[in-house]
Each structure stands twice: as structure tokens, then as C-alpha cells.
Amino acid sequence: MYSVTVRDHMMIAHSFRGEVFGPAQRLHGATYVVDATFRRAELDADNIVVDIGRAAEELHAVLAELTYRNLDDEPGFAGMNTSTEALARVLADRLADRVHAGALGDSARALDGITVTLHESHVAWASYERRL
Amino acid sequence: MYSVTVRDHMMIAHSFRGEVFGPAQRLHGATYVVDATFRRAELDADNIVVDIGRAAEELHAVLAELTYRNLDDEPGFAGMNTSTEALARVLADRLADRVHAGALGDSARALDGITVTLHESHVAWASYERRL
Amino acid sequence: MYSVTVRDHMMIAHSFRGEVFGPAQRLHGATYVVDATFRRAELDADNIVVDIGRAAEELHAVLAELTYRNLDDEPGFAGMNTSTEALARVLADRLADRVHAGALGDSARALDGITVTLHESHVAWASYERRL
Amino acid sequence: MYSVTVRDHMMIAHSFRGEVFGPAQRLHGATYVVDATFRRAELDADNIVVDIGRAAEELHAVLAELTYRNLDDEPGFAGMNTSTEALARVLADRLADRVHAGALGDSARALDGITVTLHESHVAWASYERRL
Amino acid sequence: MYSVTVRDHMMIAHSFRGEVFGPAQRLHGATYVVDATFRRAELDADNIVVDIGRAAEELHAVLAELTYRNLDDEPGFAGMNTSTEALARVLADRLADRVHAGALGDSARALDGITVTLHESHVAWASYERRL
Amino acid sequence: MYSVTVRDHMMIAHSFRGEVFGPAQRLHGATYVVDATFRRAELDADNIVVDIGRAAEELHAVLAELTYRNLDDEPGFAGMNTSTEALARVLADRLADRVHAGALGDSARALDGITVTLHESHVAWASYERRL
């Protein structure tokens, strides 16, 4: 199995609901350094998993929808705790939609899966892994 | 599949028995930067894999049992080569015990697995992955 | 010249005023991975610059005053752009106050300087360096 | 499942054929920071996956066949796009050959798999994973 | 003293002349992860050293002049060993020219200095520091 | 001012004397990831600060004198707390001796200074900087 990963980041504000979150129930923020991994069993005709430049552009586009925002004000996240792991799934699903729509090229439709990892600090990160 | 990882470290002395270890048969030491990864298929009612703060506390507690010690003198490791990979299993098993005992909260009992990675330097690390 | 550095982090929300900031004028947030460096020309009687454990505790205490907060609501930052470089100074000055107050031990009064670096992402960071 | 990873690097020149590569069709180069991961279900008699020193030596030997070269001039790569993911497979296969030939020791023949990851920059990397 | 640093990268081919370079006399290549640091004694009216977005754009523009190229073919480097440290100076001087030309904004003319660091691998890097 | 840095590591056991060290008074150990920086005002005839390969070899040789040892048993460290910052000086002085003895080549005698940084974990490191 082959994989290619590209890295970018976003900077958002949000708060959590639930006693388990302690002081993180207050409005605060995070830089998420985001790794998007694309997997497939065999390389395409160009001998690649996916074009790294195009993968980076699509990841950047997906992050542009969220960065420099207060996620508490985003209608799409109403009533949802935007935990690091939950955001990993949001990003993976949005990247999967773009793969299916052909944004990463025709050959990318043969991808087997995507993993998105969000690093919230030097000591904590979370991932979501899915099939395509 | 979702995962959450927390990082901490421990600093120990030890020696190895066996020609394969060369100069590492002498008493020496290591800083292990330790990553503990918790996996589950679905998020809990708070939309998380496990509370990151609580995961960090339990990892710290498990490392506190070993750090600033000479592992050659620990009864639990008598006659055992405390290699990086062997220590990864020790830590994963101890974290699993804590999960089963409820130390990471009730919802953490639904975790599917744990992986522990010990970085012994910038050029070498080892992991142990297990189910819960 | 000797130095010792300890690392910790904080997660805050804030916004900026001024066209130069573009989309960062919206409420957003950041994880700052914070490095505090303590410098001195000669080591103390224990052969150290400063106790690393105590330095880590004081850095943590200084960050605890800001983390999990919206800096736009902090009276101390009213009318101030809390840029990464400006926050580096705030933290360096607060650490310097603690050094002068003896929080890092008597021998730490012989420190020559402090540098604080805030990493706002994997591709951007800022520092403030001062004498003691 | 246990694993051990060692890291080294190589510095090569190459060019790509195909419009998808854009400016990377020109002769350029890369530092690949290379991670080789060895996996097995149970530890050997010395309580290790593989000797880390020996693993590092074999990885270094495999990289020495390619480093400081223009891959466009290597007969073994004629007509092939030496993408990061394709090179990950080349290195994994060469390491597998060495494992089978006994270069990592007799007990290493019980290894279950190898993964090779090539980091081409701080924002992009690729992997190939195979069984042994 | 304040500073702000931004990071980007370039991927080039080149060769060296001189016995000291050993196998690096052959045509090979490198990824340089490049950090550009801007220093000044006092912050500007927006409370910043320099706009991080603009600094990142100018660094990217300077790197775009060299990336995906064989430096042996660049007229500007004829007869010159394009060592990591020499390239650090080239980039620092080109950034300084852009600062002087106003590309980083009017307030950036008050910058005191620039340092450029090129990481050629996980185990080697070089810097050039200059005044403005 | 130019600089070149090379990285390597050592793994040692030791203990500290003095209440300030708390649990670190027990025999424990550390991996030190060691960065050696060489500085000079002008490049040499080959357009370099120092040959990176040779610098890496000399750093490795200096570390080989200490790695895989219990520093408490080393006669040269009798009665001395081998703190991270104190070891940084030991290594810087030993590298300086090698520079003066010509081990880094004749042109390296024009070096202006050396800095050695020892990373003891992902959250703490120490440096010693000296002139040549």
C-alpha cells in the first residue's frame, strides 16, 4: 500500500460544552497543523498516488473554509463539539467529496482511503481514517 | 476510525544483556519521548475519543512509575531486556489496565485499541499496538 | 554563555485591528507552543543555569494566566493587538518579574537574560529577547 | 504488533516526465529523510524486533546506492518517474531483500512487514508498506 | 529585540567543485527548508515586526527564483560553490533588497536585521545573519 | 555572520547531587540530541564555513567518548553535576580543542565560535556558546 501526505494549517476559535472539557468550555482557540494522507494499492500511470501539488491545493481550499473563524458561529457546526477528532472527520469527509468530484484528477478516483491528522499542540493530536 | 494521541517523556538508566547490543551492554540511559494513541470506531456523547487532559494525566502517571530510575534495579523487569519495543508494550499494557479500571472515564471503555511509541532519539523509535 | 530552554503551550482566541491583518481581523485563535530561554554567563553552585523543573513550573504558571481565554476580553490587553511578537514580550516580562521575585530560586537572580519564542504554526514563530 | 523505526537521509537529483509535474519536469533535486519501519508480532529471544544498530546500517547501505546521484542517469530507473512514493517502494523492496538474505540477522527472518517513508520537505511525505 | 520567522522550502539540483566535497562533487540535489527571520528593536504601529503573511509571500517569491532548478545552470551562480551557507547569504541579501524596495511595507524599513537558515536534512543546517 | 550546524546524539546514565534535583538525584539517564554550531564571519576558499561531513565526524567522535556510559563512573566528571548545560560546555570545549588541533581542516582555524545545544527531551534543552 502506498500513501502520500501533505501538511497545512488553520487557526480557529471555539468553545466546548460538557464538564469533561474543564477550562476549554471557555471561548479559546487553536492552531491545527493538518496532515492529509491519501492511500492507494497501486500507483497511477504517472507513477504517483496523487499529484502532491494538487493535493496541497485541495487541502488548502478545505482549510480556507474554516481558518480565521470562530467555529461557534458556523451554522454547519451548530450544537456540535468541534473537538480535534471531530474536525479531523469533517476535513476527511470534505476531502473525500473533492476526490469524488474529480478535483484531484481522474486517477485519484482510484484512491482507497484518506486519513486526516490534526496536531493541536506539540503534545496532542487526533486523526480520522476512512475509506473512499 | 478515530484516534487521539498524547505525548510525554521519561528518563531512565538501564543496560542490556546479549552480544547483539554491543556497547549498550554497559549501563547507560535514555530519554524516551512517549506517544500514547487511543483508538475507537465512533466518538462518545461528548464527541471525543477520550478526554485529552485525562489521557495526558494517565500517561504521566504510568511514566511516573519508571522515570528517574535505573530499570536494572526494578524487580518487575528482573531478567528482562528493557528494549524500547519491550517498554512500549509495558506502557501500553499498563494504560490498558487503567482504561479497564475506568481511570479514563466510563466512555473510554469503548476504546478499540492503544498504540504506544517510544522515541529514543531523533533517528530511532519503536511501537507496540494492541486491542482493548 | 549558557542557556536553558523549557517548552509549554497555550490555546487562546483573539482578533486583530488593522487592514494589514486581512482575515485575521475576524475572531480566530491559536495554539502557541512557547519556548522560554534563560541565559547566564556562569553556572551556579549546583552547576546549572536554573532548575529545569522550576523553570517549567513558572512558565506553566505564566501561561495559565492566558490559556483557554479570549484575549479580546482581557482588560490587560485592551486596545492592544495581541500579535505573536507582542505576546512574546508579555510572557518574557512576566517571567522576568518572577525571576526578580525569587520564584526561580535565589541563584536565578544572577540570570543575564530571557528569550521567549511563540510558535504559532509549523511555518511561523516570533521571539522577544531581553536582559534581566 | 511491535515495530522499530530508524531514520537516515539521501540527497539526489532527478526530473519528472508528465504535465502533471509542472515545474518539477525540470532537473531539480531533493533531500529525502527516510524512515524504515520493521514490524513483527512477537519479539525475538533478545526481546527486540530487530537490532536498531544493524537496521540503521542496512538502511544506510541501501541509501548509499542512491545518494549524491542524478537518478535520471541510473540505468535501474530508466523510463521510470522516480516519485517519492515510487522511491519508497524501491527502498522497501531492497530492504526486504536484505532481510531475506540474512543481513539483519537470523531472527529478522521472522519480520512480518516493512514500511518506508520518505519526507521530501516539512510539508510533504510518502510511504510504501509491504509484507515480508 | 523582537523577531518574526517564516518557513518555506525549495528543491534544487547542484554539484560542488573541490576535493573536500567528496561524493557531493557529483550532480545531486537537496530540499532546503528555509527559515527567514526578521528582527527589530521596537514594534511598528500595528504592534508587529512585519506582517507574517507578507513576509511569507516575499520568502516564497525569493525561493521561486531558484526552486525546481539545477543551480549549476544558473548564470548568477557561475563559478560559485552553492553550499548551504552560501545560499543562505544569497537568500538573505535578496530579502534585504525586497525590504529596502518596500515590498514588506513601509514600516519594514525599520527592520534591524535578517537571518536566513537552510535545513538541508534532519542532521545539518546553515545560516547567514546580516544587518539591514 | 555564517554558521553551520550538525546533529548527532548520545545516551548516558548519571545522577545529580543537590536537593534542587529532586528525583533526578537517583541514577537515571538521558538521550541527548546534540547540535554543534560552527560560526565564522567569512566563508573559506571552498565557499563553506566548515566541511559538513568532517564536522559530523568530529562531533560523532566527541560523543563516542561519552555515549553508552554511566557518567557517574567517569573520572573526568568526578565531583561534578553533569547537568545538560555543563555537558554542553564539555562538548563545546572538546570540539574547540579539535578545531585548534586541525581536525576540521586548516581553514577551520578561522572559525569565530562554537555553540553546542543538548536536547534532553521534547520540552527541555540547554546550550553553551563560546569563542574560538
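First chain written, first letter: the chains are A, B, C, D, E and F, and each begins at residue 1.
Here is the rule we use: contacts are C-beta pairs under 8 Å (C-beta built on N, C-alpha and C of every residue); 3 or more make two chains touch, one makes a residue touch a chain.
These figures come from a predicted structure and were not determined experimentally.
Visitor: Among the listed pairs D-E, E-F or C-F, choose the one whose interface is a repeat of A-C, with over half of the contact pairs the same by residue number.
Guide: D-E
Visitor: At the place where copies subunit C and subunit F touch, is the share of residue numbers found on both sides over half (same) or under half (different)?
Guide: Homomeric contact, different residues on each side for the most part.
Visitor: What's the chain with its C-alpha centre farthest out from subunit F?
Guide: A
Visitor: Determine the centre-to-centre distance between subunit C and subunit E, using the mean Cα coordinates as centres, and give it in whole Å.
Guide: 27
Visitor: CA centre of subunit C versus CA centre of subunit D: separation in Å?
Guide: Roughly 40 Å separates the two chain centres.
Visitor: By the touch rule stated above, which residues of subunit A touch at least two different other chains?
Guide: 7, 120, 122-123
Visitor: Write out the stretch or stretches of subunit B touching subunit A in their complex.
Guide: Going through subunit B, the ones touching subunit A are 1-8, 43, 46-49, 51-54, 56, 105.
Visitor: Which of the residues in subunit C come into contact with subunit A in the complex?
Guide: So the residues of subunit C touching subunit A come out as 7, 9, 11-14, 23-24, 26-33, 67-70, 120-123.
Visitor: Which of the residues in subunit D end up touching subunit A in this complex?
Guide: Residue positions touching the partner: 16, 18, 20-22, 80-81, 83-86, 88-89, 120, 122-129.
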